[in-house]
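The following pair of complexes shares a single chain, subunit A, combined with subunit B in the former and subunit C in the latter.
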Partner chain A sequence: MARLPERLGTVYKGGQGQWSWALHRISGVAVLLFLFVHIADTALVGFGPKFYNQVVHAYHNPVIRLLEIGLAAMVLFHALNGLRIILIDFFPKMADYHKQLFQIVVGLYIVLIVPAVFFMGRGFIRSL
Partner chain B sequence: MLINGVNRLACKVLIKDLKQPIKIEPIRGLKVEKDLVVDMEPFFAQYRKVLPFLVNDEPAPERERLQSPEERARFDDTTKCILCAACTTSCPVYWSDDEYHGPAAIVNAHRFIFDSRDRAAHERLEILGDAEGAFKCRTTFNCTDACPRGIHVTRAIQEVKQAILFEKL
Partner chain C sequence: MAIATKPRTAAQARERASSSFELWTWYFMRISGLLLVFLVLGHFTIVHLIGGGIDRVDFAFVSGRWSNPLWQVWDWLMLFLGLLHGTNGMKTIINEYVHRAGARVALKSTLYVLTLIFILLGTAVILTFDPNKGHSTVLQSLGLLK
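So, the complex of A and B:
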């Protein structure tokens, strides 16, 4: 059974491993929540194109566009960090290099997220 | 105990190396009895589950059960465990699920699973292959960082996971 710590409010000072795990979990849940919405909006096709188009049009809303950028950020982190976890899972020797692997993940993340945010951000600004 | 937010052995840490003021707390995931004292029994119960002893029913040879240096090196790292519980109580999975066997139990299983003289590897892999076993590990590496003996704990757990999947010893 899960047990709450007796003293809430103190945080264990873990390293990259602990924080990348926490981020992985948060981004995973965020992507899952989006998936529910996505399944719901796609299912609307069944009610005819007019209805579907109307609902999907809501995605042009600036708030949703901002959330879209967040979604891209979450998916990208989850994907890259997921590859790192797979590598460590299938090649135990990689466990000794997990910090370097995480640095590679961060590096790749920056390289990929900057153009994504640039182009999506441009769309967002135009939608205002 | 937790010293400035991380699991350390008080007997190994020098005050001069710590940032002031020093904050000490009892280890997490185990019930606090008083002050810094916790009930270690659940920790040892998990340890006992993995059969942490040599199992070999074959007739004993006249002299020692010989082992090559390479065979011995296979599990050298995990022989260093002193059962201090620094790894298990640094694990976020163990904090929220005390049914999880925890890093220390898996490390001690590793010590015998990869021992060429032992014959109960299959049994241990069966125990660690269940829902509360090695696959509960989410590779947060807190255990590896916390180990005062420098054991590559997460790597040992990953090797056990592989052994469960492929029975590759």
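So, the complex of A and C:
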């Protein structure tokens, strides 16, 4: 097989590498958009109780609670996959185990997202 | 498929970085990312999951937290590192997908201005918040409070 040019080193062709790369970008953009909204609403605290209490009260509706669950799903993936990237970048030998590392990310993700969805799901059901 | 899975080592990052700033951002993304994992997941667990989650979040709740310098520093670090980490990631995406130079510059400029405004606003609100007065003192000094 012809060797790909060196500068194409980060091009993936399917597999976990490609999917984790795409999900890392999508979750990153989603979290950044949320961050702008969250900073804007929390900044209202600086203006006193009136506006902030109005806004957080409005946040207690079911739609926002579903978005909160979505946010947790995005943040947790970005965090765990980010740790995998950092590990491989600083310890290149870990690349030999990249499949196992991705399996660990998926395993930890499931272990952590289930209780998170349970807690937020309770709030969602109560808010209906 | 050795090439496809070849990691970007720090040495490679040094070789390929088009400027020392780009190399600096390579390190920044990894160091800030590592810190943000703990800051953000800790914040999310404490504020969104345990103790009743967002149901008990209101002005009194945030005011109580910001009377403790630990949470002020925690929240400020999340604000600062989160915005810079997110903005730098977005810059990479814009550079890769927006091919027209004018649109690329316009998008990145908007992003940077927005980020600067949010860093200034968030920093002012968090670090000058006075739980006894019930607002951030800098906002009063600027005449933004009635």
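Worth a mention:
Rule of thumb we're sticking to: the second predicted complex is superposed on the first by the 115 of 128 C-alpha atoms of A that agree within 3 Å, B and C clash if a C-alpha of one lies under 4 Å from a C-alpha of the other, contacts with A are read in each partner's own complex, and residues count from 1 in each chain.
Here is the rule we use: a residue touches a chain if its C-beta (ideal position, glycine included) is under 8 Å from a C-beta of that chain, and two chains touch if they have at least 3 such contacts.
Quick caveat, the model's predicted, so the values are computed rather than measured.
More residues of subunit A lie in touch with C than with the remaining chain of the pair subunit B and subunit C.
Looking at the shared chain after the overlay, A:F119 reaches subunit C, while subunit B stays out of its contact range.
When both complexes are overlaid on chain A, the residue A:W21 reaches subunit B alone and has no touch with subunit C. Shared-chain residue A:A95: touches subunit B and subunit C both. In the superposed model, A:A72 lies in contact with subunit C only, and not with subunit B.
Within subunit A, the residues touched by subunit B in the first complex and by subunit C in the second are 3, 6, 10-13, 17, 85, 88-90, 92, 95, 98. By the touch criterion given at the top, residues 3-4, 6, 8-13, 17, 25, 28-29, 31-32, 35-36, 39-40, 42-43, 45-49, 52-53, 56-57, 59-60, 65, 68, 72, 75-76, 79, 82-83, 85-86, 88-90, 92, 94-95, 98, 115-116, 119-120, 123, 126 of subunit A touch subunit C in their complex.
Taken in their complex, subunit B has these residues touching subunit A: 2, 4-6, 25, 28-29, 32, 90, 92, 95-99, 138-142, 144-145, 152, 154-155, 158-159, 161-162. Taken in their complex, subunit A has these residues touching subunit B: 1-3, 5-7, 10-18, 21, 85, 88-90, 92-93, 95-96, 98.
Here subunit C touches subunit A in the complex through residues 1, 3-10, 12-13, 30, 33-34, 36-37, 40-41, 44, 48-50, 53-55, 57-60, 62-63, 66, 75, 79, 82-83, 86-87, 89-90, 93, 114, 118, 121-122, 124-126, 128-129, 134-136, 138-139, 144-145, going by the rule given at the top.
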